[in-house]
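The structure under discussion appears below in the form of structure tokens.
Should a chain be cited, it is by its letter among A, B, C and D, assigned in written order, with residues numbered from 1 in that chain.
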Amino acid sequence: MENKPLIVLNFKTYAESMGEKAVRMAKFCEEVSVDSEVDIIACPQIPDIYRVANAVKIPVFAQHIDAVGAGSYTGHITADCVRSAGAKGTLINHSERRLLLSEIDAALQSAKKAGLTTIVCTNNIAVTSAAAALSPDFVAIEPPELIGSGNPVSKANPEIVSGSVSAVKKINPRVKVLCGAGISTGDDVAAAIELGTEGVLLASGVIKAKDPKAALFDLVKKI
Amino acid sequence: MENKPLIVLNFKTYAESMGEKAVRMAKFCEEVSVDSEVDIIACPQIPDIYRVANAVKIPVFAQHIDAVGAGSYTGHITADCVRSAGAKGTLINHSERRLLLSEIDAALQSAKKAGLTTIVCTNNIAVTSAAAALSPDFVAIEPPELIGSGNPVSKANPEIVSGSVSAVKKINPRVKVLCGAGISTGDDVAAAIELGTEGVLLASGVIKAKDPKAALFDLVKKI
Amino acid sequence: MENKPLIVLNFKTYAESMGEKAVRMAKFCEEVSVDSEVDIIACPQIPDIYRVANAVKIPVFAQHIDAVGAGSYTGHITADCVRSAGAKGTLINHSERRLLLSEIDAALQSAKKAGLTTIVCTNNIAVTSAAAALSPDFVAIEPPELIGSGNPVSKANPEIVSGSVSAVKKINPRVKVLCGAGISTGDDVAAAIELGTEGVLLASGVIKAKDPKAALFDLVKKI
Amino acid sequence: MENKPLIVLNFKTYAESMGEKAVRMAKFCEEVSVDSEVDIIACPQIPDIYRVANAVKIPVFAQHIDAVGAGSYTGHITADCVRSAGAKGTLINHSERRLLLSEIDAALQSAKKAGLTTIVCTNNIAVTSAAAALSPDFVAIEPPELIGSGNPVSKANPEIVSGSVSAVKKINPRVKVLCGAGISTGDDVAAAIELGTEGVLLASGVIKAKDPKAALFDLVKKI
């Protein structure tokens, strides 16, 4: 995942990307990734990680982990368990699954110990700075009001993206920046890269597309 | 699961029952269940449901589901997804993963639609009554202070168990009652049955035992 | 608060009913209560309880209490403290401040010990039943989708109100039922009473009215 | 609060510092502050802010505010309301009342608009860095395991204090650093100042002391 932009596809809890359909969606990602040589990461629902990770060679990430490890934590999602199910990384603090500040830190520490790549989602420039201070691998700036809007952050609010890139450079230049919210086309991706990000995080633009594979091919066309 | 008592084994996030070890633990459950003709339910970590459910014939339950369904709910655990991964039921509101009252109701509704058997965990007689009013299949009374104590609720606090059984009979007699906390031996199970429950919910008594299979055989010996 | 219907006015965090304006709004309530002989309860923001309770003779209720008591609970709202500030009761589990099931129970226990009258808010008939099983003084059924809508629950969804009244009678007949959501006129109140409730819980219908005092007088006109 | 160290006294929900006793405790703080010319800030329970702020001339801070403002936020604590009740500042994210990262940011923005001084509590150096990136007036590093221990952070874990001071200098040098946990004597305060902090945050060391006024005098003796 070094030089080329990165596409992170969040399956959310959409019916179109659950169970057997999660495997099918991940295979589309794999096909487009192989064809385009662009890294595409699939983020299925947590109960689907194992079967998706066993069906494809592209990286599979969890959508969330909790801040706890082995122990009396019934119902929690641990870094170790998603790792053993085949995940190579995880989203943390997605706008639909926010965490306490202290939990983000603890989840990052668990993820690092488990060898997971981490993407901390943020909602504005100040929060991006704070997240960068915790040294995740990536931050992903996603203004909540644009998520699922079809109105791409890279065009609707380019300042929040470039501002996040600058803020992260100041705080912790080893952290890479993604952006998300409203992304659905190759033009949106190109605009995101132009603003200094290393790639995008998206969901409905592909998952809810009539032809998800075509949508994926469109996404990578300008990379 | 009709006439004989029921053993529900919660794997929590213990290292001893994660990943491949979850499969191994579930196979112990299966072996003891087949041998004893006692229903034993395995509750592995959520990312482990798929591989455990594919490896054994006994019922596999989730440790938790969230109150949401298909949609923009990144990182949440849905009834539909754990069902499609192979779960036949789920714990809800375990003391280590409490839910809002309104979420317990919504989770129960989702679980029913998905065809999952439901066990709502409770902490005292009043809360057991409230949970019973929501019509789950089971309530499981577990005084938090006894969980993991090795001091069995069926002996340490028999009144809370028999009181829960009476309260449920008054509120909603179709709901069955389990009890948990500190259970580790066949004597504890026998005492629980004696108090009017349909079985037990336990974790460390088996998972942390030197010989979990022997511990399981001991549990069912008086049934 | 025995024989006549009850009006509970939730000040929320509206600017129109904060600080000095909370005192003014509570005095309107007092004036209308004295004039109409209808019990009106004022629920100001928590930091305003003390000065409101010192300014009026009608009962002042808190909008929320937490499930904890005296101790290391920085930032929490205890029954004892709102009581000592002058509150005579409290809302618990309002749809904008939901609690865990076990917390509702613990908050009710603290409130009773502190001598506070309790109103547990609920969102549907099943949850009303569960809340009634916990023995609060009142439950208040408020379908969240109608809150602030101007579309009164007593007309938009009379079945949820009468269904709640029946459910509570079955579970715990000592619990009284209020309803709320969309209530703003005396007709809405009359419809609520007709459905078997003991009164209403409302907010914007009065607080956001051009003339809150006139709105209050209108509310009680048919009682 | 510029040149001299600062003592922030958190009343928690202790019975010893509630209601009329909150006023009494705040008057002790005022007396010691006037005598010593050391700034002492009193943080009573939220329902007590109004009467405490009206009884003393030292600054009164809230123990917590929520991330919301005026509107449909029943039961929440807003910056505007605690300000109007007399608070001059607020703790945010105390270890007993943690917030989501995005809520800390939103609470800070509300507090600034309302003219409140802000102290964000943190649990380790990484979290201190993240908090500093959000530009509060103060961060207060408090290792949770030492809170209430009587084992002062300034002696038990001086590295976490000096590490926090260094981290904040790098990230955002305008942010001032306090430390807390286990502080109870003037020696503990002196050690904290020595490590580069601007003062301390404490609770039980004074509130639970047999003679709180004497404890306060001891605290300031070396300043």
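We take it that a residue touches a chain if its C-beta (ideal position, glycine included) is under 8 Å from a C-beta of that chain, and two chains touch if they have at least 3 such contacts.
For clarity, every value in this text was computed on a predicted model and none was experimentally measured.
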* **Set of chains whose contacts include both subunit C and subunit B** => none
* To do: Walk from subunit B over to subunit D along touching chains and report the minimum step count.
  => 2
* Asked: Upon optimal superposition of subunit A on subunit D over Cα atoms, what rotation angle is obtained, reported to the nearest 5 degrees?
  -> 180
* **subunit A and subunit D, separation of their C-alpha mean positions in angstrom** => 37
* Asked: When the C-alpha atoms of subunit A and subunit B are each averaged to a single point, how far apart are the two points in Å?
  -> 33
* Using CA atom averages as chain centres, what separation in Å is found between subunit A and subunit C? -> 43
* Structure fact -> Multi-partner residues in subunit D (2 or more other chains touched) are 95
* Asked: If you go through all the chains, which pairs of them touch?
  -> A-B, A-D, B-C, C-D
* Asked: Which bits of subunit A are touching subunit D when the two form their complex?
  -> 93, 95, 98-105, 122-124, 126-127, 129-135, 171
* Asked: Of all residues in subunit A, which touch subunit B in the complex?
  -> 10, 12-15, 18-20, 45-51, 62-64, 68-78, 80-82, 84-85, 87, 91, 94-97, 147-148, 203-204
